[in-house]
Structures are given as C-alpha cells and as structure tokens.
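Two complexes are shown next, each including chain A; its partner changes from chain B in the first to chain C in the second.
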Partner chain A sequence: MNFRIWAAAALCAFGLTAVPAPSQAQEAGGTLVYIVQPEPPSLASFLSTSGPIGLVAPKIYEGLFDYDNDLKIVPALAESYEVSADGKTVTFTLRQGVTWHDGAPFTSADVAFSVMEVLKQVHPRGPNSFREVTSIDTPDEHTAVFNLANPAPYMLRALSSYESPMVPKHLLEGTDLRNSDLATSPVGTGPYKFVEWKKGQYIRLDKNEAYWQDGMPYLDRLVGRFIPDASTRTAAMENGEVMYGAYGAIPNIDAVRLRDTDGFSVTTDGYSMINPMALIEFNTTKPPFDNPAVRKAVSLAIDREFLIENIWFGYGKPATSALSSNFAAVGLYKEGMPNYPKNADVAGAIALLDAAGIMPDANGVRATATLDLIPYGEDWRRAGEYMKQALAEIGIAIELRYEDVPTWLKRIYADYDFDFNVNYFYQLSDPVLGVHRHYGTDQIRQGTHFVNSSRYSNPELDALLAAGAQEADATKRAEIYGQVQEILAEDMPVANLFEMQFLTVYNDKLKEHATSAMGAYGSFDRAWVEQ
Partner chain B sequence: MRYVVKRLLQAIPIVLAIVVLNFFLLQLAEGDAVDVLAGEAGSATPEYMAELRAKFGLDKPLPVQLAVYLKNVVMFDLGYSFRHDMPVSQLILDRLVPTLLLMVATITLAVGFGILLGLVAAMGLNTWRDTAISIFALITYATPLFWVGLMLIVVFSLNLRWFPTSGMENFAMFYEGWDRVKDIAHHLVLPTVTLSLFYLALYTRLMRASMLEQAGQDYVTTARAKGVTENRIMFVHVLRNALLPVVTMAGVQVGALIGGSVIVESVFAWPGLGMLAFEALFSRDLNLLLGIFLLSALLVVAVNLVVDIIYSSLDPRIEVN
Partner chain C sequence: MTFWKLFARNRGAVVGLGILVLIAVMAATASLFFPADPFSLAGKPMSPPGENGFLLGSDSLGRDVAAGIAHGAKTSLLIGLLATLVAVGIGIVMGALAGYYGGPIDNLLMRVTEMFQTIPSFIFAILLVAIMKPSIESIVIAIAVVSWPAVARLVRGEFLSLRNREFVQACHTLGMSDVRIMLGEILPNCLSPVIVIGSLMVATAILIESGLAFLGLGDPNIMSWGFQIGAGRTLLRSAWWVCTFPGIAILLTVLAINLVGEGINDALNPRLRERT
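Now for the complex of A and B:
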C-alpha cells in the first residue's frame, strides 16, 4: 500500500515542479552535461527514429514546428501556416534570416528537399506522415506550399524536429543519403552546433551564436554522456556530474529515492507526443491465441494496477482501450471499452474460456504458450514473472523467454516464431502515425519491425483506418476511431497493458528544460543552469 | 633476435586459425547488424533492410564473406564498422589508449602489491600479518567486481567526494595540457583499484605459496650452510625463483584483462575495448568484434613472448632457444 502513497506524493510533487518560477531571471552560460543512453548508432535523425538519436539530434536540427505542453503548435522554422478549405493545400510561411551552421541560408528549397527527397524516401515513419503529399511548390524563398492528394490533419502533428527534421539541401543533394557524412557530423539550424563525438564517452555540442532566437540558447555547451551502468548513472546524477536523465536513464527504483532527496526532481512531462504504450502482441495465426476468447481472457486476467504499482513504482496508467487516454485531448479516445479491467477479473476470464469450450485437463491446464519479453531491461522480466502467475490462475501455463535484441526482433518480426510477446509501442501524436501500423492488413510486413506482427487482418477495420486517416472533420473522425476501438476491444489482436510514464530525473539547478511537449527530444533552447 | 622472429612467424598460422574460428563462432548468433539497426529505428521497410544487407556484404554466402575478410586482414585492413560508420582500426585505436592506461595501471598495482603482500605473508608465516593478509586476499578474491566498484563509488565519490564516479575526463571542463593529465589520473583511480583488487588477491596467494615452496628447497639449505645471511637468502635466492610463477600468471592474464575489464569499464563508464566488444556483440557488429578478437590474440602472442624473455633474465638456466 506504500506504493499508493508514493504515487500520491509523486502527483503532488509534479504539481509543484510544473509551475515555473517567474521571479528567477535566466542566467546565460555554463555547460549542461546530460545522460544519453545507450550511445546512438549515428546522429542521422532523418534516417532513424532511434531513441538515443532523439536525445541529441533535435538540439542540432529543427522542425517546422515545435509543440508546447498542451500540444499546441509553436512556430519554429515555419512562422505560420494556412490550410485551404478543402484541406488539400497547406501553405507554410518560413522564418526569414535563418542560417545553417555552415552559414548557408535556410530557404523553402530546403523544406521541399527535406520532405520530398529525404523524409518521404528514407525516414522510417516519413512515408506514413507525408503519404498524402504529392508535391511541394516554392513560389519564393520563404513560402512552401504542400499539395496533398487527400486531407491529412495528422501531418501537422508530425512536424517536430524529432519526427521530421529539416536538413540542408546543399549538403545532401546528390549524395547517398544513407551514407552521408552528416550522420556523424550533423549540420542543422538549431540552437546548438555539433562539435565532437568521442565514441564510448560523449557528444559535445556548442552554442550556435547565430541562432535566430535572440539571446538563445542560454547554455554555452551541451555534453551528452554515455554511462552504460544504471547504478553509475544514478551515482553520477547524485554527484552532480550529470544534471539530466530522461527515458528511464535513472531506473524508477532510484528515481523515487532521488525524488525525495533535496536538490533533485522527477517529472513525467515531456512524453505526451511519444505516448508509449506497454502491450501484449498475440500471434493470431496459431493456437491458443487464434481464438479471440483466449486473447480476451488474458486481457481480463492481468491486473494492470498491480503491474504499475509493484513493478513500475506507480508510474503508469492502466490501458482502457486500443488508444491511449492521451488522445482524449483531440477527442479520439473512447471510454468504457469492454475487456479492459483495471484490476484482474479472474472469474470473467474463466467464464470466457468455459464458454469457448477451452476446458482444463487433469492438471487444471487449459492451454500452454511461451511468452516472449522485450529485452529492454529487468522491469519487463518482472512483468513476465507476474504474468506467468496471473495466467496460471486461469489455467494458461506459460514459459518465459528473454533473448537479446537481435534474436528477439528476428523471432517476432521476421520469423513470426512466437505465441505472444510483451512489448511497447509509441502511439505518437496521432493514431495514423503510431497506431495504424499495429493493426492494418497492409502493415503485415514480414521483416519490418514494430508493425502488425499479430498478422491480424480485418477488412472492416482496414476500411475504418483508411477513412480515419483522411477525415478532416473532428466529430466524424472521433466516430470512426470510436468504432475502431470497439472492434479492437472485441477482437483483441493486441492487449494494451498500460500507458507508460517515462521518468525524467534532473538536478534542480537545471531550469526550463521541459518547455516543449517533446521533452528530452526537444531542443533545450531555453534551458539554463543556476550557477 | 632470431628467436623473436621465429616465434613471430610461428604465431601467424595460430592467429589466422583464431580468426577463422571466431568468424564461424560469431555466425552462430541469431540475427544480424541490420536487424538491430532497423529495430532501433522503430520501423523500416524490407527493401531498406535488403539494401542495408547488400551494402554490408551480408547477402553473400559465408565462405565468400570469410574469404573477403581474410584477404583484408592479410592486407592489414580490419574492415568497416557499419554501425559506427567508421573503420574498425580507427575505432580500436581510439579505445586502445584508455584500455592500455587501465591495463598497465592495474597490472602494475596488482603485481607490485601482490608480490609485496605475498612476501610479507611468507616471511611472517602464521603470524597475525600472515593471517590478516590471507583474509584480505580471500575477501577481495571472493567479492564480485561490480559490487566492489559500486561500493567504492558510494564511499569515495558520493560520501567522501574524493573521486568522480565515472568517465575518463571531466566533460564539463574539457581540460588541456597538464590539467588534463591530472584529470585523467584522477578518474583512473577508482577503476584501477577495483580491477586490481581481484588480481591482487591472486598474486598475493600465488607469491606466498611460491615463496614457501622455494624456502624448502635444497639450495636454501646449502646457502644457509654456507653462512649466507637470512636476508640475502630471502631477497636474492628465494625471491628471484619465487617470481617465476607470478610472471607466468601475469602474462596469461594480460589477455584476459582486455575482456575481463568489461564489468569495470561498464560500471565506471571507462571507454575501453571491453565495452566496445560487449556492445559490438549485442549489435552484431561482426567486423568490429573480429577486429578486437584479432587484437587480443596478437596481444597474447606478444605478451607470451615478452614473458619468455623475462624468464631467461630471472633464471639464467632457462634459455630462449
């Protein structure tokens, strides 16, 4: 029960820390050393959405927009935009006087090149975000007109620096994008310039003196440090050697301790555009999970609150639908879906199995299966151990399997050699961007990671997803996604477990680092350190 | 000199055999570098992944891949790490200095203090000094490295604030010149002490046993009969002979130190080869792994040669032919 109290205390703490202290004036100068973990494979954010790249690249590159903590659009490289009445033309007015770090001016040609030649071609999610964009006109240097085949309202939520970075045409055009020098020495328009990457140690960025926002950034230097061991990361934070660690860089068990220590704070702000969802993917093509009743029984038998409170130290929110409740802000989330209890409904699960004719044998076992666990840390192992116990109660005997990342990815997404799999997906800022890939028939793409590995295929749902992507009218769109959520709660190809809350732990001397909805994937343009 | 050349020539087939063996051993791991890269990216098309495989040369049959690799190795080209987007040789060279720093400091500390403590223990056999040293050796030998590392961090970094927790340099300051040397030395202390403690215990026990064994030999009795002083017997006759097994052990362990320091490198975020190999394994960066293995093999061959030469100077009865 202690966990409830902790969680309550945490909520109060956030209430306090979320309020900025207006009386304090920003102090310019200083270095922010923060944790980047693991070391990124490259800094090519136009090629990869890998998490550690997101911790560094958005300080160097910028997007057309940023988003504030209420998910409202904040102008960045685009000063304003206008959508035509039919929704098929979006005109962006670009900021004047912006230069790349090498001194070349930023123009509409860069925007057209970035979207059409880079993001739409080689970015993992770009082909989806910009799928309706047929061409981009550049009537003058500071105007970019996106011509769309169909309205694409979600596109305006995918223009952050992390999701859709604007890259320099003059350095990339005519080169092999996947083999570009920019991957290890990026040149952007952002508040910090790339200086040096010492493999195994750190990435150093220095202040961009020619940044378009006057007086910003406040910091002279950013250093992203790689520290492989979680306990050492915590020690380095306590010792003041690093001041900021996001995306669980400091494990929850240490984060709750630091939260109660003077000089440190913990926040869950800065993840709302990412929307991470913990879930179970079922292999719907073979027993026992080819039967929707068994899938629903699993969803019923798992105590979501228990998982959150005991394994994630109270950080998380039980999932209640295929969509995260964060989509309530845009009206797409539907409440009251069946088969999504907060606490385990063992009797209901057993009744479902009985009704489906799946009866226990002499040992009380109704079905056997192997549960794969995402190899991203000990928490997931604990979750697996809990599920083994919880599912035994309804007569499903499971074995746990925990492999290394490449083996696991190959098993789930290339060989489909699994029964069910615990995983987490980013639902991102719109269902089209983050959720469709999990359920659409067109998303059964063998060998592609983090798509429809359940191989669930439902023409009715496909039609709804297609309609949802194009619908510009908010009410109609809400109706469509309401139906989507109802179908998915009944068919349950994926059982969402809980909306994850990643923790950012920071030294109290660090101020205004959470001004963007992108959080750690933001630019840190306003961050400053009390000397 | 001729001996050295002969030994080096003998090493060539051994090293090649090691390369071939490693190559096939690594193929046993499921998944490849492309799976990892694409997995980290969140999503990637099958076409993109096929393109990457072609670029990395992973689409060719295994014997062809091996032949290409061997050809490159013979020409002193260790290949390219696609994950790091850098030549393997450059990656390894970058990490070699921190690795050697840690290795040399550790070996010096462990062998030096190991010999000293072993000597003290053997000379005061069954006194309180002997017991205290033996208990100390037993405890440090039995304690897991990562735990020692973390405890040293808790005590000396968090509580006493004497040393930094991790890393090789202060990244907020970027010192230059002498200040940088001092800064690196400051960062080197805790990892070296952690790694040394384990080996120190080993050398202490070995040295003690070796001293006791030598002390019972006939030549000691002879020397005593000649009227040589006890100190001279101990430091000139016994010590010199007792050092042989310690030197052998140190030679064998230099190779192990590259790999064995993974835990210490990880705990202290020390940018050495062990961590690089560890990460390379998990990202299936086979070129890089093979390069590190090759370097380790070469190092072991070289150190063994050096040990053989030290033997002959310690004990003139051993000839290097």
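Now for the complex of A and C:
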C-alpha cells in the first residue's frame, strides 16, 4: 500500500466510525470511583508520560483524535483531516464551539502552540511523534495545517489525548512549562473538569456541562483514589468501594479470582495502543554485556513461558522479536527470529558462551553481574529471583538490586551505572513512536527516561531506522523493519521477554468504559454506571 | 544454687531453650538437609504441603518453603545476634561514659540518646535501610542504630548507682585508671540486666529484620523468613502455606527467645532468687 492509498483508507475509516450505536440504554448521573495507582507526580500530561498521569489527565485534556478498539481513528478535537498527495502537508479541520474549562474558546492557535511549543519541546515522546513537523499554519481559527519535512504516517497514530494532549495557549504561553500551575490544576477541553486533588487520598473531577458532545459525559463525577497496598485495592474492589482498576492495580492472582466471581469482570481490552513489552536492557559498554554472545545467551537461558505462567498467571505472550507480534497487523513484525526461545535453551546458551571463549572458573561461574529491577511491584521481584536461578544454570552469577523509583531511574538513565536492567517499555502503535527510542544512536539521551540506556550504537541500524520512519510504501517499510529485527536478534542490546497483557478489573455495574483503544488512558466520556 | 538450677526453675524457660536449640540446629544443618540454594526452583510451583516432594509446599516460583525456612533460620539468628552485639556494644560505651563521668558528658550523651529515642524505631530502620541499600550489613547497622538507646539508658543507670559505692572509691584510692574501673570493676556488676535486655533484644531484632524483609527491604540475595512471608502475602488466599510456615517459625523463635530471656532474668536477678 502506498501512502496515498493508506491515507485514503484512513479517511474512509474515519467516516465509518462517527458515533457508534449504544448497545444498551445509558443511565446518566452517578459517580465512578476508580483506582489510580500509584499517586501521580503531577497532572502535566504534556510533560510526562508516567502511567498514573495517563489515568487522570485524558479525562481533562483531549487530543485531536481518539482511536477505537480496532485502532481506527475517531474524531475528537479535529473533525476531519486531509493529507496532501506528497504526504508533506496534513490539514486538520477543528471542531467548532469547543471551549476550555475556563470558558475561553479552543482554536487552531492552541493546536499550533501545543505541538510546536509544548509537545515538540518538553514531552518525552513528542520530539519523535512530531519530528517531521517544521511549522503549523493557522489560516483561520478552525484550520491547522501541519507542514512536514518528510511524510510521517505514524504521526496520525500519536494524536490521542494521552500521547499528545492539546493544552491551553492562553494559560501556558510565556510561562515556565516545567513549573506550570497547570501541572496541579489542569484546564482542558475534555468531558470532566478538575475540581480537587487531596494529596495521598484522591483526585476529584466533575462533569463538564459545556462539553461539545451533547449529553455527555453520562457520569456526574469521577474520583480517582490512591490506595498504596495491593490487597487493600482488591478488598476495595470486592466491597464495591471502587469499580475500576487498570494497569495491574489489582494483582493478577486476585484478578484471576475476581474473574470467576459474580459481579466482576476482567478484560485485556484497552491496551492495544500501548503495546507493552517486558524486556532486559543491557549495558553494552562494559563487561560482561559488551559481548553480544553473552547478551544472546541471557536471552536463550530465560524461560519466557515460565515467567508468564508462574508470575503473570498466564497473561502475556512470549516475545519473538524486537517488535511486538501486534505489529503483524501492519505487516512490520517478522516471524522466525532466532534467539527468542519460548522455553529456555540452556544448551544453546552454554554453546554460545563456550564459542565466545567465556569459560567457567572453578565454581562454574563464567561471569558476574548485578541485575536491576523495575521497582513497580512484587511481580518484577519474582521475575528477578527467577532470572537469578535461570542464569546461574549457564554460569552467570547475578546479584539482585532493588531501589526506589527515582534512584533506579537515575542509575539507569542518567548515571548509566548498571550491568543489566529488567524493565518494560510501551512499543505504542508504531515502531517510530515506541521502538526507535531503544536503539537509535540519537536516542542516547543522558538524563531522559526510557530511551537508549544500553548505549547501543550501530550506524547501519540508524540508517535503517531513519529510512523506516520516512518510508511511505508498506512493503518497503516491512522490508526495512525486517532487517532491523534481524540485526537486533543478533546484536541483542535489549532482550525482549514477553508481550505484557495488562488486566483491567471492573465491577459489572460499570458499562462502556473500554470504548477507546486507550482504555484506562481514555476519556471515560461514554462510561456509565447502572444504578 | 547454680545458674542452671535457678534457670530451670522456670519451666517455660527450659521449653524456650529447647525450641531455640532446635532452631539453632536447624540453621546449622540447613545445608546438609537442603544442599540446594533455597532460591532454586525445585519443582512445580504452588504445590500444597506434602505434594510433589515438598514437605511444606512450594511457592509461586516452585521454591521449597521448608528449605527457605531452614536457610532463613540462619539469616534470622545471624542478624539477631549481630545486631544485638553491635547495639549492646554501642549502648555500653555510651551508658558507661555518661553514668561514670556524669555532668556535661552525661548531659550531652543522654540528649543524643533521647534524640534517637524520639524517632519511631521501625520507621527509622526503614529509612536507614532505604538510604544504605538493602544488604546484611545495612540491616544489622539499622537494627543496631535503633536498638542501642535502651541499653545506654540501662547501663547509665547502673553506673550512676555503682560509681559511688565503697569498692569503686577504694579503686580510686588505689590509683586505678578510669577505664580499668569502668571495665574491670563496675561493668561486671551490671552485666546481669544487660544480658537480660540483650537476650530480649535478639527477639526484637529478628522481628525488625522480618518486618523489613516483608516490606521488600531485606537483602534480595539472602533467604529470610520475612522475605518468604512478603513474597507469599499476595498468595495468602490461594496458597496459604507459603507465608504460614515462615510465620510460625518467627513466632516460635521470638517466643522461645523471650522465654529464655525471662529465665535468665529469674536466674540472675537476686531479688527473685527466693521466688518459688
């Protein structure tokens, strides 16, 4: 498919998904109390992609688009768009009559400001999403024309409110973006207005009466509660205090139990735009992981199915390549890559180490290293304990290290003071948005979180990534990413472990909360509660 | 009457001692009965007690709970004893100096002691371990740092009451050095309460260590009971055995140490000697 056809197809899809018919009569009113875990550091979704911010901010801010569960574009602040024949101009027609929560009108100036001055400057992924945008023209209040240096088809997948929120120019212009008041009292155009943030307890949002979708939202109020202890969260769900918990707020073991309990349901929907991948980042600049053979041996020695079955209770899918198998839908995923076994290949790993001349000493130890673990909960600790055992079998003796989040982030992404690190990344809806940041030489950005901490640098791969970002032809693009996956399976600067499946646990009284591909990072505009 | 006879009058203390000896033997022979690393994935995960060759069941990764308890005993006793030794050491030095010299030195040292006493000890221990990065050393240091003030207070009190006794004055007249008087004359006379408080402190230290490990602040490379409970906590409803057995181990150990401590107290406390 070339770019023009691709764009046309997207336009068609656009028309098809205007307003889906409701499956059941909605009841207006009521309050939805849901779990926000952990408490967000701020509500500045234009500054940080931190998960808990995503649970709250997209209810307040909106993006140009939303996406439905089939990843089709749903109009939000932009009513329609048009891509020029050469792919270098994208014109958005904005919705009329939209106002910010403070009453000011939403215009094309806000769009230009949000993208050029905010997202491209201070957002973690914005510089990637909008890398080709050179300027934005605003011929009138409701038209925004994006001028691109090169075609950027992936950009249209990065316009959700979670990924690229539109922020009010009149409140942000000329202020210090990183220390804005908006971080703790956001003003958006979304279905809910920010009311109150009681630190350590909850965030309260109330219905935006002036919302542009008539009759919506159905709910009068949203309350995001912070409950630090996992078993307390489960108890709160069971006794009806909260009705919704996503992103593992309810531990898998309890989710599996609630799934079989009347009145509760569990779904893996609502994560398709996120595409989370559990992985190991290797420090490729120092022994033992400066040697690709050792990195591959680690990948071979880990039993991916064991991790999924015993730690994540069956929710997950073994990784088989640098790209998630979810990219098969767009033809970018390549099957049959070596070095990502489902079950541990101990003999293969040992053969690799032997061939590389890394021999065991008297105690059978070939190499020693410290494994850092993402401090996001018990599951990761269990995974670390498992890996310690699994790697001992191939003679790699490891020490485990747990630290608090800021120390860990600093160690991995600012000080580079680590050997290897278990983590998970969102691969998002296009490799340019979620995958390039692991591997590109230009993504060795000291101090920026969740980028190329391996400090892997391969000019051949850089060239392929640059070509892949701009290639409009789907077949050629698939070829490029096929080569990318081949190189990465051999060099293995990052060993993908498994495609994570996050669980959302909800009370059956809550309806239509998963209408967007963004799931819990969506707006909840159509959610309603059976009284 | 000999010490043992005095001690044995307290039946509970004898039972406690028996349990403690058993636990010590278990710790010492852990590597004989469970030669494999207690973290090793020994078999089918979540096996109930008695199944798949697991006496006390296995946890979510298939680690043997019984092996964990045996090896964890080593950690618990080691940390309990080490931390207590360090705490008693610091406490004796601080208390002896304060009690013996009195005046401004006493004032200074006791204000420092009070400063430590005003901070809730467990929270302080969490803070220290979090700052230092969890490891055996940091845990021992943290427990010692939060435990010594009680010893210091006690030793100071004893020194205050002993320093003006005739035998001490006699030592002064003989020209003995301060250090010699403190260590050779006064300290042996106030050792009994220190031994009692020390023995009870071992129990507290084990509890603090378990609490830290439960909260995920234990040394991740060393098996301990607190770690087992912390790791099994989320499984409580589906695999009760994972944290129940280590919990019983902690309960028995702490109980045994307390009983023994009381027995020592009975035996060493002259006021209780005639108690029947």
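Note that in this section the second predicted complex is superposed on the first by the 508 of 531 C-alpha atoms of A that agree within 3 Å, B and C clash if a C-alpha of one lies under 4 Å from a C-alpha of the other, contacts with A are read in each partner's own complex, and residues count from 1 in each chain.
One rule holds for everything that comes next: a contact is a pair of C-beta atoms (placed from the backbone, for glycine too) under 8 Å apart; a residue touches a chain by one contact, two chains touch by 3 or more.
Bear in mind the structure is a predicted one, so any value in this text is a computation, not a measurement.
In the superposed model, A:Y202 lies in contact with chain B only, and not with chain C.
In the superposition on chain A, A:N310 contacts chain C only, with no contact to chain B. In the superposition on chain A, contact is made by A:F226 with chain B only, not with chain C.
In the superposition on chain A, contact of A:P251 is made with chain C only, not with chain B. Contacts of A:E378 after superposition on the shared chain: chain C is touched, whereas chain B is not. By the touch criterion stated above, A:Y402 is placed in contact with chain C alone, chain B being left untouched. Looking at the superposed arrangement, the partner reaching more residues of chain A, out of chain B and chain C, is B. In the superposition on chain A, contact is made by A:Y386 with chain C only, not with chain B. By the document's definition of touching, neither partner reaches A:H438: not chain B, not chain C. Residue overlap on chain A between its contacts with chain B in one complex and with chain C in the other: 231, 403-404.
Looking at the complex, you find that chain B touches chain A at residues 29-32, 35-46, 48-49, 51-52, 55, 83-86, 91, 94-95, 146, 150, 153-154, 157-158, 161, 164-169, 171-172, 174, 265-269, 271-272, 275-276, 279, 282-284. Chain A meets chain B in the complex at residues 31, 33, 38-39, 41-42, 47-51, 122, 124-125, 127, 178-179, 183-184, 198-202, 204, 223, 225-229, 231-232, 235-236, 238-239, 241, 403-407, 409-411, 413-414, 426, 437, 445-451.
Chain A contributes residues 230-231, 251, 253-254, 257, 310-311, 378, 381-382, 384-386, 388-389, 392, 399-404 to its touches with chain C in the complex.
Against chain A, in their complex, chain C makes its touches with residues 37, 39-41, 45, 60-62, 130, 133-134, 216, 220-221, 230-231, 233-235, 237-238.
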